[in-house]
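I've put the structures underneath this note.
Look at the two complexes coming up: subunit A is in both, with subunit B in one and subunit C in the other.
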Partner chain A sequence: MQIIVPIKQVPDVALNIKVKDGEIVQEGISWVISSWDETALEAALQLTEEAGGEVTVLSIGTAKVQEALRKALALGAHQALHIQCDSSAGWDSYQVAKVLAKTLADQDYNLIITGKQAQDSDAGLTPTMLAEFLGLPQVTNITAFKDVSDASITLHRKGDDGIEISKMTLPGVVTVNDSLAEPRLASMRGIMMAKKKPMETVDIHSLGLAPEVLQSGGLMTEVVQYEKPDERKEGRRFEGDETETVPEVMQNLKKNIGLFA
Partner chain B sequence: MDSGVNKNWSSGDEKLLLDTIDHWVENEVKPIAREHDQEDKYPEELVERMKELGLFGSTISPEYGGLGLPASIYAKIVTRLSSVWIVPGGIFNTHLVMAAAIERCGMEAQKQEWLPKMASGELRGGIALTEPDAGTDLQSIRTRADRNEKGYLLNGTKMWITNALHGNCLMVLAKTDLTAQPAHKGMSAFLCHKGAGYDVAKKLKKMGYRAIDTCELTLDNKQVVPEALLGGEEGRGLQQVLGGLELGRINVAARGAGMAEGALKMAVRYAQERETFGKPIAEHQAIQLKLADMATKVEASKLLVESAATKLDTGQRCDMEAGMAKYFASEAGVYCAQEAMRIFGGNSYSTEYEIERFYRDSMLMCIGEGTNELQQIIVAKQLIQRNKI
Partner chain C sequence: MLNQAFAGTGQFAEIRDAVRGLCAKFPGAYWRQLDRERTYPEEFVQALTDSGFLAVLIPEEFGGSGLGVQEAATILEEVQRAACNGAACHAQMYIMGTLLRHGSPEQKSKWLPPIASGELRLQAFGVTEPTSGTDTTSLRTFAKRDGDRYIVNGQKLWTSRAEHSDLMLLLARTTPKEEVTKRTAGLSVLLVDLREAIGNGITIQPIRTMMNHATTEVFFENLEVPAENLIGEAGKGFRYILDGMNAERILIAAECVGDARWFLEKSVDYASQRVVFDRPIGQNQGVQFPIARAFAETEAAALMVREAAQRFDSGQPCGKEANLAKLLAADASWKAAESCLQTHGGFGFAEEFDIERKFRETRLYQVAPISTNLILSYLAEHVLGLPRSY
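Let's look at the complex of A and B:
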C-alpha cells in the first residue's frame, strides 16, 4: 500500500498569534505540522504497519517546510517530497490543490490521506478539490479504518446519532477527524533514522503547471485582512464566606446582565 | 577534538528532539508526579515510554545501538525533565553512567554484550559504589571480590543504590586486593546481573527523590564470571568509576538547573495570582528581589552547564568546569526551591501544591555524584594546579 500524506506547516496556535495592520506578524511564530495532518500521518503509519507499504509525505513551500517534512520522517514516514517555491503566502485552497494534483498526477499511490482541514485557515477545501482534479473518490472526516487492501478500504464517519460506514475503491482521497488516532511522538531514534531517509526537492516551476496557477490571477479567493477577536475580559472572583459571596454574585448577575430580572 | 559523540545532530534535530521531550514531560510526566511522589510509587508506566523514546541509549554510541547524543543536548533533556520532576531522570542517569564506563573502559566483547541491551532498555542498570561506611571516601569500601574457579565471589553491603530494585544489572565497585597500597590499586569494577546472591535488603524510605528505588543491597556470595571484570584487569576500578564523572556531574548540574527553573516558573506564576494588600504579591518589592535572584541563578546555572557540556563534547578538559556547574546549579536548585517556598507562603506547606516536592527533592543534588564540599575542593585544587606560580 502506497500512501501519500500532504502536510501543511502552520503557525503554532498554542502560542500567541499577533496581528498588525491586517497582517499576521511573522516574527516569533513557531511553525508546526497542522494537527489534523499529524493525525493523517498517524493514520497512514498505522495502515502501513498493518498492511505493509510506504508513506510519502509531501509539502509545498519554502525551505522552511523541510522542518515539517523532517519531523514527519522522524515520526515514521518513509520518504518526503518537497515542492519548493519562493513563497506560498496568500495562496488559496484552489492553487494548493492544483499544485498537489499536478505533483501527484504521475505518482504511484493507493491512498491520499490529509487532515480534514488545516489548523490555520480552517477551510477544509484543498482535499476535496484535489480529489476532484485527480478524478478520485473521496470520503471526508473519517474516524476509523477497517478492511484495508490495495483495492479498497472501509471507512467510518461518526455522526451525532451513529456511525456511517462506507467502502471506497482505491485509489482515493480520505480526510481524517482528529478523534481517529492520537499522533505518536517522534522518538529520538526516529529522529536519528530520519537523516537517512530520502527527501526529494522539486522546483515548483518544473512541474509544468499552467503559468496562471502560480500567479495571483490563479486565486479563486483572497484573504484581504486578518483581525484578532476582542480579548476576553478577565472574570471577577468573589472570595470569602459563601453566605456573603453567593448573594453578592446574584446581585451582580441581576444588575450587570439583567439575569433573573 | 574527538569525543566519540554523534556529531550529526543538527539544530533542527535538536529542536525536534526537545519538542518531543517537552511534549512527553507535559503530557505524561507532569500529571503523575505528585501522586507517585506522595505514594512513593515507582513510575513503571514511564519506563516503557522512555524505552520507546530511546532515553536509555541517549549517550551510548550509535555503533552500540544508542543515539550518541552530545552532552550538551543530553543536559537540555535532563534540565527540561527535572524542571517538572526529578525522578524519571534518575531511572536513566546512573544507567547511563554505567554504560559510559563500559564504553570507555570495557573490552570489546563486554561492549558488544552489554551496550546494545542497555541502549534498548532491555538491561537497566545503575552504579553501586556507596556503602554504609564509605561514600565520599570510596577507597575505604569493604565489599570484596574474591577470585575462584568460576570467576569472582562478591560479598558486602552497598547503600543508597538507585535502580537496584527495578533495574536488572549494576556496576559494583569492590576490592580485589584488601592490602593494596594505595587502596585504589586493589579496587575493581564488576558488571553484575541480578540473580542469586544479589539481595535488595530494603528499599530505603526517603525525604525526597521518592518513587524511585534507592536501596540497601546485600551481596552474599554473589558469583560473577571472569568476564564481569570491567576492562579485564584488576586494580583499575576506582579510576574507571571516577573517569566518567564529568558527564555524571554535568548531568546532576542539569538536574539542579532544571529544579531551579521549575521552582522559578511556579513562583513567577503564583506571585502574579496571589494578592495581598490589594495587589499581586509580584508587585511587592520583597518578592521581586527574590524572583530576580532566582531568575539570575537559573540563567547562570544553565550557562555553566552548557559551557561544561560543550567543553566535554569538543574533547576539552572540563573537570573544574563540570565541578563548578554541579556545585552552582545544585545549590541554585535548593535556593530557588526555598525561595519559592517563601513566595508560596502557607500554601508552600500544602501537598496540594508541587513546590514542597521541589524543596524535598532539591537537596539531593548537593549530595549525590560527589558532595558539593568535594566539588569545592576539586575546583580549588584545579584552580591552583592550572595557575601555578
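Let's look at the complex of A and C:
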C-alpha cells in the first residue's frame, strides 16, 4: 500500500496571532503541521504498519516547509517530497489542488489521505478539488478504516445519527476527522532516523503548470482582509449546592442579560 | 499560551517540538498530585525513556542517539519550560558519562545498552556524605579490597532517586586519607547493582524535602561489590567524577533556563491581564522592571549555557563556561521565580498556579549539585588566579 499524505504548514494557533491593517503579522509566528494533517499522517502510518507499504509526505512552499516534512519523517513517514516555490502566501484551495494534482499525476499510489480541512483557513476544499482533478473517488471526514487492500478500503463516517459505512475502490482520496486517531509523538530515535530518510525537492516551475495557477494571491477566491474577533469575556462558574447555585444563576440571567425579565 | 520571547533559539527545533508534545501530556495537575503525595513521576520518566530522550548522550553503538550536550540541554530546558520536573530523571543523562569515558570495553557493552533502552536505570549518584558536605575528598565511606570484591561501609546523604534506580555510581575511599600524598587521591568509583544490594548491605531511607525530589540517605554495611565493577583505575575516582561535572553543570543550567522562561511567561501573561486600579498591573514599572531584569539575566545565562555546551561538544576545555552557566542560570531562574511570585500577589501562593511548586523546585539549584559559593570559589581560584580560599 502506497499512501500519499499532503501536509500543510500553518501558524501555531496556540500562539497569540496578531492582525495589523487587515494582514496577519508574520513576525513571531511559529509554524507547525496542521493538526488534521497530523491525524492524516497517523492514519497513514497505522495503515502501513498493518498492511505494509510506505507513506510519502508532500508539501508545497518555501524551504521552510522542510521543517514540517522533517517532522513527518521523524514521526515515521518513509520519504518526503518538497514542491519548492518562492511563496504560496494567499493561494486559494484551487491553486493548491492544481499543483497537487499535477505533482501526483505521474506518481504511484493507492491512497491519498488528508486532513478534513486546514487549521488556518478551515476551508476544507483542497482534497475535494484534488479528487476531482485526478478523477478519483473521495470520502470525507473519516473516523475509521476497515478491510484495507490495495484495491479497496472500507470507511466509517460519523453522522449525527450514526455511522455511515462505505466501501471505496482505490486509488482514492480520503479526508480524516481528528477523532480517528491520536497523532503519535516523535521519539529521539525517529528524529535521528529522519535525518537519513530521503527528501526530494522539486521546483514548482518544472511541473509544467499553466502560469496563472502560480499567480500570487487567489485565483478563484481572494482574501480581502483579516480581522481578529473580539476577545471573549471570561465566564463565571457557579459552584456548590444546586439549591443555592440555581437560583443564583437565574438571578444573574435576569439581572445581567435581561432574560426571564 | 506560548510567548515567542521565551521560546529559546530556533536550534534543534524538532527536538524542542517533540519534547513539548510529550510534556503536554503531563500538565500541572499531574505534578501537583505527585507533589502533594511526594510520589515519583513514574509515567513521565517512562515516557521520556520510551521516546529515547534520556539516552541522547549514549553513543549509537550502545543503543543511544550519540548526540551532544547541546541536544541534551535542549531536552531538559524544554522539560522545565513545560513546568515538568526533570530532576526526577536528569541524572540518567549524565551519570553514565563516567562509565562511558572510564569504563572498560566489557563494562560498557554490559551496562550501556540496557541503560540506553531503559531496561536499567542508572540515576543514583552517591557522592555527598553527612560529615564531608562540599568537601568531597573528606568523604568517609570506605571500600576495602578483599580478593575479587570490595567490602563497602559508610553512609551517603542526599542520594537522589536511589529508590528508583537499578544502579548507583558510588564514590568511596579505597586508600585511607592518611596514606595518600594528595587528598584527591585514593578515591574510587564503583558501579553498585542496587537490585542485588538492597537488603544485602544497603539500606535506603527516603528524606522528605520541601519539594518532591525522591532524595534519600543510603547506609552501607559490609556491602559486597564485585571488583569487576570498579570503574577505571583504583584511586583515580575523584578525577573521573570531576570529569563528569561539566556536563552535569551545563545540563542543570539548561534546566534553570527552562524554569526561568516558564516563570517569565507566567509573569508577563498575568501582569498583562490582572487589572488593579483600573489598569493592568504590568503597566507599572515597579511590576515590569523585575520581570524585564529577570528576562535579561535569563537570556544572558542562556547564551552562556550554549557556549559551554558547544565547547563541551567540540572537546574544548569548558570548566569556566560550565561553572559560569550554572551560576548565571541558577541566579536567573531564582530571580524569575521571585518576580513571578511577587507579580502574582496572593494568587502565586495558590497551588493551582504551579508557581509555588516551581518556586520550591528551582530554589534547589542555588545549592545542588554545587552551591553558588563554591562556584564563586572556583572562578576566583581557577579562572582569576586568586588564592585558594578553602
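Just so it is clear, the second predicted complex is superposed on the first by the 238 of 261 C-alpha atoms of A that agree within 3 Å, B and C clash if a C-alpha of one lies under 4 Å from a C-alpha of the other, contacts with A are read in each partner's own complex, and residues count from 1 in each chain.
The rule is short, and it goes like this: a contact is a pair of C-beta atoms (placed from the backbone, for glycine too) under 8 Å apart; a residue touches a chain by one contact, two chains touch by 3 or more.
Please read these numbers as outputs of a predicted model, since none were measured by experiment.
Trainee: Fit or clash for subunit B plus subunit C once both are placed on subunit A?
Mentor: Once subunit A is superposed (C-alpha atoms), there is a clash between subunit B and subunit C.
Trainee: In the overlaid three-chain picture, which partner chain does A:221 touch, first (subunit B) or second (subunit C), both, or neither?
Mentor: neither
Trainee: So, does A:28 touch the first partner subunit B, the second partner subunit C, both, or neither?
Mentor: second
Trainee: Could you look at A:107 and tell me whether it touches subunit B, subunit C, both or neither (first, second, both, neither)?
Mentor: Neither subunit B nor subunit C is touched by A:107.
Trainee: Please indicate which partner A:14 is in contact with in the superposed arrangement: first for subunit B, second for subunit C, both, or neither.
Mentor: In the superposition, A:14 contacts subunit C only.
Trainee: With both structures fitted on chain A, tell me whether subunit B or subunit C touches more of subunit A's residues.
Mentor: Residues of subunit A touched, subunit B against subunit C: more for C.
Trainee: Going by the contact rule set out at the top, does A:71 touch subunit B (first), subunit C (second), both, or neither?
Mentor: A:71: touches subunit B and subunit C.
Trainee: Should A:189 be classified as contacting the first partner (subunit B), the second (subunit C), both, or neither?
Mentor: Touch partners of A:189: subunit B and subunit C.
Trainee: Quick check on the output: what are the common subunit A residues between the subunit B footprint and the subunit C footprint?
Mentor: Common interface on subunit A, subunit B vs subunit C: 67, 70-71, 74, 185-189, 191-192.
Trainee: How about subunit A: which of its residues touch subunit C in the complex?
Mentor: These residues of subunit A touch subunit C: 12, 14-16, 28, 30, 32, 67, 70-71, 74, 185-192, 194.
Trainee: Which residues of subunit C touch subunit A once you look at their complex with the stated criterion?
Mentor: That would be residues 1-4, 7, 13-15, 17-18, 21-22, 50-53, 55-56, 65, 67 of subunit C.
Trainee: Where on subunit A is subunit B touching in the complex?
Mentor: Interface residues on subunit A, with respect to subunit B: 67, 70-71, 74, 185-189, 191-192, 195.
Trainee: Contact residues on subunit B for subunit A in the complex?
Mentor: The contact residues of subunit B facing subunit A are 6, 8, 12-13, 15-17, 19-20, 23-24, 52-55, 57-58, 62, 67, 69.
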